[in-house]
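Please find the structures below.
Both complexes below contain chain A, partnered by chain B and then by chain C.
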Partner chain A sequence: MKFRGKIIDIACLNHFSRVVTTISKLTKMCVLRLTPDNLFFVLSGKVANGGVGMWCELLQANFFDEYQMEGVSSEFNEICLEVTPENLSRALKTVQNAKYVKIKLTRKHCPCLTIAAELPTLSSVSRVVTHDVPVDIIPKSLWHEFKEPSIPDFDVSIYLPPLKTLKNVVDRMKNLSNFLLIEANMNGEMKLKIQTDLVSVTTHFKDLGNPPWGEDSSQDGGPSHSRDPEDMAEARVDIRKLQQFLMGQQVNPSKAMCNLVHRNVVHLVVLHEDVSLQYFVPAVA
Partner chain B sequence: MQCVVTGGNVKVLAKAVHSLSRIGDELYVEPQEDGLALRSVNSSRSAYACFLFAPLFFSRYSIDRGLDFRCKLAVKSVQTVFRSVATLEKTVEKCHVELDKAKDRLTFTLHCKHGLLKTHNLSYQDTESLQAVFDKDSCANVFRAQSRVLVETVVHFPPSVEEVTVAVSSERMWVRNHVEDEAERSKALLTELCLAADEFDHFAVGAPNSITFCLKELRGLLVFAESTGLPVSVYFHEPGSPVVFSVTDSVLEGNFVLATLSDDHNLQKSDSGGGHAEPPPPPPDDFMNDDIDSYLIAMDTSVVPGPSTAPPSAASRASPAADSRTRKHSEEEEEEERDGNEDPGRPPSKKFRSLFFGSVLPPSPQTSTQPVTTQEVLASDSEDEDE
Partner chain C sequence: MPLSTQSQAEEEQYVLVANLDNARNLSNILKAIGFKDHAIFTATPNGLKVTVEDSKCVQANAFIQADIFQKFTIKEDLVALQVNLTVLLDCLNIFGGSTVAGISTALRMCYRGYGYPLTLFLEEGGVVTVCKINTEEPEEPIDFDFCSSNVTNKVILQSESLKEAFSELDMTSEVLQITMSPSQPYFRLSTFGNSGSAHYDYSKDSDMMELFRCNETQTNRYKMSLLKPSTKALALSCKVSVRTDSRGFLSLQYLVRNDDGQICFVEFFCCPDVEVDEDL
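Up next is the complex of A and B:
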C-alpha cells in the first residue's frame, strides 16, 4: 500500500486546503478513501440512527501535479484511512506559500499522512516543514461501510438560496429553537420554520427553481413528477447540524440544492467546480 | 521617580507591557540607576521576563537617589493604560510615568492629540526585587536571527501546542512540538521544522543538544521583537537549564528566561551519542528527495490495523522513561540564590522546574522586614495557582 501526491500549483493548494477545512468544520473524524482517480472524504453516519452522513468527492487530477498510489491489491486498488480533518487542515494552512507540498502515507510511530512542504526563505537553503497527521488504516473488511450513498428517493428537490443568506437566517433561528422545519415544494418555494411555545418564525423563499433530475426520477416512478407542485414536503432537523453545514462552507458554490424525503431525511448537495459535497441530515420526529 | 516617554517609544513601552502580560499576572516595576526595569514571572516561576529601558530611552528620566523604590502592579491594569497599540501610535504624543508617594499611586498620563489628557492612577504593592539568576554568556549554544525567521517558525505550530523541542546540530536547528505522552503521540499532529544555519545571523553550537520549553512566553517576546524589528538572540546549554531569548538595542534590553524540561532520557542520549544529541529526526533530505520508493511504505492492512503492527520505529522516543522522568533538583538548588524560602510557594504539579531563580533581597536597611515581605509574595503566588 503506497500513496504519494505532490501539489505545486498554489491555487490548487489553496483550493485543496479550503475543501479540507470545510470537511473539518463538518466532522471531527472522517474516512479518506484514495483511489487511482479520486479522493473521497466520507462520514458514514447511520442516518437511520440519527447521525449525519457526508460524501465529498474530489478528482485527484484537479489538485495534484503528481499522484501515485497502490492499493491493498490490484483487485482492490484503494486505500482507506481514518483521519482527523482538523489536523489535516491545520497542517495545510501553515504551508500556503510553499514551493510545493507533498502528501504521503508514511509509517512513523504510527501510520501517518505526512505533509512535507518546502518553504521559501531569504537564505539559499530552503526551509522544510513536515506535519505528521496520524491516521488509522481501515481494513478491507470494513470498506463496505464507506461506499457512495445512493441518492435518496426524494419527494422534492429544490435549489437553495445563497448559502450566506441561509446561514444568517439559520443562525438567528438557532437562538430561538433547537429544531427547524424545512418545507419545500416543486414550485420553487421553500420555508424555514421554527415553532416554540413563545414564538413561531417562518422565512419564505420563492422562485428558487427545481433541479431537473429528468430520467433518474422518472425511472423509479418519479414521485416528484407526479406530485402537485404546490404540495409541500417537510423535514424537521436538528438546527445545529444544519448550522454546522452552513458554517463550513468556505466559498459560494456554483450549485447548492436540497432534496427532501418527506419526514425522513434532508439531502444537501453542493457543487463547486470539480468538488461535490453531499450531506445527509436525518429528520427528527 | 518620574519618566517621560515620547513618540514611537510609547508604542515600544506598550508592546513590552503586552509581552510581559503573557508571562504573569503581575508587573514588577523597578526604577534603577541604569534605567527602568519592568519584570514579570509566571506563577510556577518557570518563566521570567525582564525589560530594561535605559535612561536614554526616555526624554526625561529621574529617580530619587537613596530611596529604594520598587513595586508590583496588576499587569492587566497597566495593559489598560496601553490598550490598543494601534490607536496609541496615532494619538499619543507623550506618556508620563510618575510616582505619587503621598497617595501611593503610580500615575500614567497620556498626552494625546488635541490636548487630550488621559490619567491613570494605579495602586501598587511594595515588593522585593525580582531577579532571575541566569548567565547567558556561558551558554554553549548561541543563535541570533531576525524576528521574522522565528515568527515564521512559530506560526507552524497551532495555538494549542504548548511546548516545543528544539534540537541543534552544527548546521541545523530542528523545531518540533513536544508530546508528553506516548499514547497521545498516535493521535496528535506532529509538526517538525528544519532551519538551516544560513537563516540565522549567528549560529554557534558548542553542545549539540535538544531542549523543550513552553511556546507561550516565546510568542510574547516575538510580538515585541516583530514590532520593534529587533533581532532575537537565543542562548541555551542543555536540557534542564534555562533558555534565554533576548532582544537588545542601544536603549533597551529584553530577556526572557524559560525553564526547559529536564529529560534524563535525553540527557543520557546526548552523553552517549557524541555529536548528535537525540538523533534529530530523519534528515529533511529523506523527506524531500524524489526517490519515491525510499519512503513509500508497505503496510498490510487486511490484518489488524493500527499502531500494534508498527515496529518500534525511529527509536529515539520510544522509551517509557518519558513517564518516569525525574527532576534533578539538586543542581537547580545550587543556582538558587540566598533566599531558600522559595520551596513552599512552588506549586508541585508543574512540568517545568521552577527554581532557576530566587528572589533577591533588597539591599540592607529593610532586612528586618524581609521575611514578612517574602512570605507575602509566596502566599500571593500560591493563591494565583488556586484560582
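Up next is the complex of A and C:
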C-alpha cells in the first residue's frame, strides 16, 4: 500500500485546503478513500453519526501535480483511511504559502498521513515543515460501508436558494427551535417552518426551479412526471445538522440542490467545478 | 404572498397594522432594551411604546413614534400586548439583519386583538417569512411616577462623552454613584471597586455638556447590574439626558437616530440603591 502526492500550484493548494476545511465543519471523523483517479471523503449514514451521511468527490488531477498510489492489491486498487479532517485542515492551513506540499502515507509509531511543505525563506537554507496526521487503515472487509450512496428515489428535487440567505434563516430558526420542517414541490417552491410554544415561523422561497433529471438519470421516469407540481413533499430534520452543512460552505457553489424523500431523508447536493458534495440528513418523526 | 398584495378584507381584521420599510429601524432600538425576555407593547395613535422591566427596580421604554412607520393604523385608543422579546428579535432578523446599503427587510406587523398572536410579515429579496408570535397576558408596567415637575437635577450630554466614561468604569464596583450639584464637582460618576474608588467628573462648561440645570446637590447610588443594560442604548444614541427627582430616582433618556436619520427615544428608570446622607 503506497500513496504519495505533491501539490505545487498555490491555487490548487488553497482550494484543497478549503475543501478539507469544509469537510472538517461537517464531521469530526470521516473516511478518506484514495483511488487512482479520485479522492473521496465519506461518512456513512450510521446511527452513531445521527444518521447523517456525506460523500465528497474530488478528481485528483485537478489538485495534484504528482499522484502515485498503489492499493491493497491490483484487483482492489484502493486505500481506505479513517481521518480526522480537522487535523488535516489545521496542517494544511499552516502551509498555505508553501512552495510545494507533499502528502504521503507513512508508518511512524502508527499509520500517518505525512504532510511535508517547503516554506519560502529569505536565506538560501530551505525550511521544511512536516505534519504527521495519524490515520487508521480500514481493512478491505469494511469497505462496503463506504461505497457511493445511490441517489435516493426522491419525491421532489429543487434548487436551493442562495446559501447565505438560507444560512441566515436557518441560524435564526435554530435559536427558536430544535427541529425544522422542510417542504418543497416541483413548482420551485420551498418552505422552511418551525413551530414552538412561543412562535411559529415560515419562510417561503419561490421560483427556485427544479433540476431536470433526464431520462438517462437513475430515476425511473423521474419524480416530476406523475406528481402534481403543487404537491409538497416534507421532511422534519434536526436543525443543527442542517446548520452544520450550511456553516461549512465557504465558496458559493455553481449548483446547489435539495432532493426530498417524503418524511424520510433530505439529500443536499453541492456542485463546484471540480468538487461535488452530497449530504444526507435523515428525517425525524 | 408579497406584502403589498394582502387583501383589504384581511387587513380589516386587525386592530393594529404597522409597516416599516426597514425592519432594522425597529430591531435596533428593541435590541437596546433587550435585557429581559418579556416586553410589553403599548400602541396608541401616537406610536408604539415597548417596555422591559427587571427586578421591579429598572424599567426601559423604547418609543417609536407613528411617523417612523410607513403606515401605522390602529383601530382602538390603546392596544396592549406582551411577547417574548428574544423571539421577536430573532424573527425581525430572520434574514440576518443585513447592514449593506440597499438591502433591507420590509416588515408588516399585525395584531388582531386579545388572544391572537402578533403576526409579522417580513420580506427581503422576494423571500417572505411569516412569523406568528404567541402573545402573553400583558402585565401592568410599573409606574415610576417620575414627573418632570419633581426633577431636581438635569444634564444633557453628548453620548460620546458618557460612552467613554462607561467603557472605563470599574465594573467590580457594585454600585455607580452619581453626584449632581450646582457647585463643584457638578456632575460626577463614582465607583467603589476592588482596586479602590474612581471618580469621573464633568465640568459644567464642557463642550460635551449641552445643558446643565442642577438645583441642589444630590448623591445617589444605583446598582451597576441594573444600569449595565442601558449601555446598549447608550451605544446607539447621540445624546443623553440624565435626570434625578426629589426621591433620587434616575431617568436616562437616550436620543437615538436610526438608519434613515429619524429620531426615537429610549428611556431608562432606575430606583436608587441606598439612601446616602447628603451631609456625607
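Assume the second predicted complex is superposed on the first by the 274 of 285 C-alpha atoms of A that agree within 3 Å, B and C clash if a C-alpha of one lies under 4 Å from a C-alpha of the other, contacts with A are read in each partner's own complex, and residues count from 1 in each chain.
Note that a residue touches a chain if its C-beta (ideal position, glycine included) is under 8 Å from a C-beta of that chain, and two chains touch if they have at least 3 such contacts.
Predicted model only: the values in this text are computed from it and were never measured.
Novice: Counting touched residues of chain A, say whether chain B or chain C comes out ahead.
Specialist: Comparing chain B with chain C, the partner touching more chain A residues is B.
Novice: According to the stated criteria, A:Ser74 is in contact with first (chain B), second (chain C), both, or neither; which is it?
Specialist: In the superposition, A:Ser74 touches no partner, neither chain B nor chain C.
Novice: Once chain A of both complexes is superposed, is A:Ser226 in touch with chain B (first), chain C (second), both, or neither?
Specialist: neither
Novice: By the touch definition at the top of the document, which applies to A:Asn87: first (chain B), second (chain C), both, or neither?
Specialist: first
Novice: Touch test for A:Val169: chain B only (first), chain C only (second), both, or neither?
Specialist: Only chain C is touched by A:Val169; chain B is not.
Novice: Looking at the overlay, what does A:Cys110 touch: chain B (first), chain C (second), both, or neither?
Specialist: After superposing on A, A:Cys110 lies in contact with chain B but is clear of chain C.
Novice: Quick check on the superposed pair: does A:Ser150 touch chain B, chain C, both, or neither? Answer first, second, both or neither.
Specialist: neither
Novice: Which stretch or stretches of chain A touch chain B in the complex?
Specialist: 1-4, 68, 72, 84, 87, 90-91, 94-95, 102, 104-112, 114, 116, 118-119, 121-125, 127-134, 136-141
Novice: Sort out for me which residues of chain A touch chain C in the complex.
Specialist: Contact set of chain A toward chain C: 161, 164-165, 167-169, 171-173, 175-176, 197-207.
Novice: Considering the complex alone, what residue numbers of chain B touch chain A?
Specialist: Answer in residue numbers: 149, 152, 155-156, 158, 185-196, 198-199, 284, 287-288, 292, 295-307, 310, 313-314, 317-318.
Novice: Where on chain C is chain A touching in the complex?
Specialist: 1, 84, 86-87, 90-91, 93-96, 117, 124-134
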